[in-house]
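Below, chain A partners chain B and then partners chain C, in two separate complexes.
Right after this comes the complex of A and B.
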């Protein structure tokens, strides 16, 4: 699956019905229609607002979704991965996940990629989340209790990660 | 640096290209080993990049090997692509159609006549067309100023760029090893140049 650099016309891809920051962001079943969509910022020149130290790498698959490596740390060569897929593009989850990790490790030469996973929320269409993540090379690293308010209660999240170069 | 316009290609080409066939990607195997032709028949022109050209420029950067001031062209966001353009960047057109970018940078002292050239053409053009563009640009530069050394830096993995530079007569000077990670492996940057005897 080919990732492409962000263009202003891709803005609609950057908001949607996934959980904020979710590693594999797919539409959440049963989400109230008036719940505010999750959003990620469009890529922009960090010099514009004087921000320093934050470097995001965001690419898109036109019409399907985005891949964001947030807060890329070029010294320690790590980043937090989040993916957002439009409704109807769920079938692209597996190749997009692999393309994202390939980009992180083979193009950006990162050592570590990690992301948030929310086990309480099933993936749509019965997609096997754990198998998808493990097949892509990710492994569960930590449980974080009460990490997210969701559906009237706090729920736990997990950190899943992948490393390269030993 | 300079506004170079309407560089009509010299040589034995066919004159004005009239059809899309001229732009069709050719089998590179037919282009890599032969001697450089004298010209491709293109009528080259160049102009500073304006906002009206941004769509055409962004389209060039969707090509995975459009290595103009970046090693990852197709995944760069819009702001970053546009940040690679400066007042010295020129949009290069063949027969009036945008096909690439170039920019000239002074290397060393202003009086030394040493330059670095960034030039990238669309993958739709064959390496001999690239070589023609190089030659026309060099002809224009040397017509209006003294040039002692014109250098280009090409990734080791960039077969098209290396082929075009060699076809245009650039000689390899050395490799800065391992300064780019490409497709999961560290690769180097090849320095190539053309050198003319200084007049003073």
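Right after this comes the complex of A and C.
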């Protein structure tokens, strides 16, 4: 699956019915129609003094979704991965996850990628989340209780990560 | 109970810079390699507040997707200032759970464990300093409410 850089015309891909900050953000089944959609910010143009916007890397798959590497840190060589897919593009979750990690490790030469996973919310159409993440080389690292406010109550989240040595 | 006083961003950055070794990993900051201006910018970006109690620096940052959870940090192994911060957050910010990320071997670990935090996991190779990658420990605590 080919990623390409974000363009202004890709703005509709940046909001949708996934959980905020979710590593593998697929449309949440049974989400109330009035619930606020999750959003990620579009990259900003450099300011007049040359300062760039946030240290984010944003790529899209046209018509399917986006891949965001948030807060890319060039000292620690790490970034937080966030993926959001449109309804109907769930089948692309596995290749997109692999393409995202490949981009982070090979194109950006990062050493570590991590992200938030919410086990309480199942993936649509019975996709096996743990198997998908493990196949891509990610492993669970921490369980943080009450880390996300969802449907009127706090739910636990996990941090999954992958490290490429070298 | 220790008296807490809230520090402004510039003063907080200066106080962190003045004690760089103990403040390593404080809310994800590294005062050894980051100057005061960069520390102040990072504190502003995360919405963090820095408090002082009996010469100990304490930090708090809100979780943007869970208003009842706070990210906390301390520079001391003494649990009393941290307990005062948790009491403040519970009473005035309605926090019911807390998360801390500390580098392995940091003095804050003793204070966290004394305040009822339990290990929630380990982030391998999460930070780079002193020529190598180091693990970061995740601690969490929850309260009723």
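As a working rule, the second predicted complex is superposed on the first by the 157 of 166 C-alpha atoms of A that agree within 3 Å, B and C clash if a C-alpha of one lies under 4 Å from a C-alpha of the other, contacts with A are read in each partner's own complex, and residues count from 1 in each chain.
As a working rule, a contact is a pair of C-beta atoms (placed from the backbone, for glycine too) under 8 Å apart; a residue touches a chain by one contact, two chains touch by 3 or more.
These figures come from a predicted structure and were not determined experimentally.
Q: For the overlay on chain A, clash or fit between chain B and chain C?
A: Fit.
Q: Put simply, what angle do chain B and chain C open at chain A, by C-alpha centres, to the nearest 10°?
A: Seen from the centre of chain A, the opening angle is 110 degrees.
Q: Is A:124 touching the first partner chain B, the second partner chain C, both, or neither of them?
A: neither
Q: After superposition on the shared chain, which partner residues are touched by A:95: those of chain B (first), chain C (second), both, or neither?
A: A:95 contacts neither chain B nor chain C.
Q: For A:20, is the partner it touches chain B (first), chain C (second), both, or none of the two (neither)?
A: Second partner only.
Q: Figure out whether A:59 sits in contact with chain B (first) or chain C (second), or with both, or with neither.
A: After superposition on chain A, A:59 lies in contact with chain B alone.
Q: On the overlay, how many Å separate the closest CA atoms of chain B and chain C?
A: Between chain B and chain C, the shortest C-alpha distance works out to 19 Å.
Q: Touching residues of chain A toward chain C in the complex: what are they?
A: 20-21, 75-78, 111-112, 114, 140-149, 154, 159, 161, 163
Q: Which of the residues in chain C end up touching chain A in this complex?
A: It comes out as residues 33, 63-69, 96-97, 99, 120-128, 133, 138, 140, 142.
Q: What part of chain A is in contact with chain B in the complex they form?
A: It comes out as residues 2-8, 42-45, 57-59, 103, 105-109.
Q: Provide the residue numbers of chain B that touch chain A in the complex, in ascending order.
A: Listed in rising order, the residues are 58, 61-62, 72-81, 83, 181-184.
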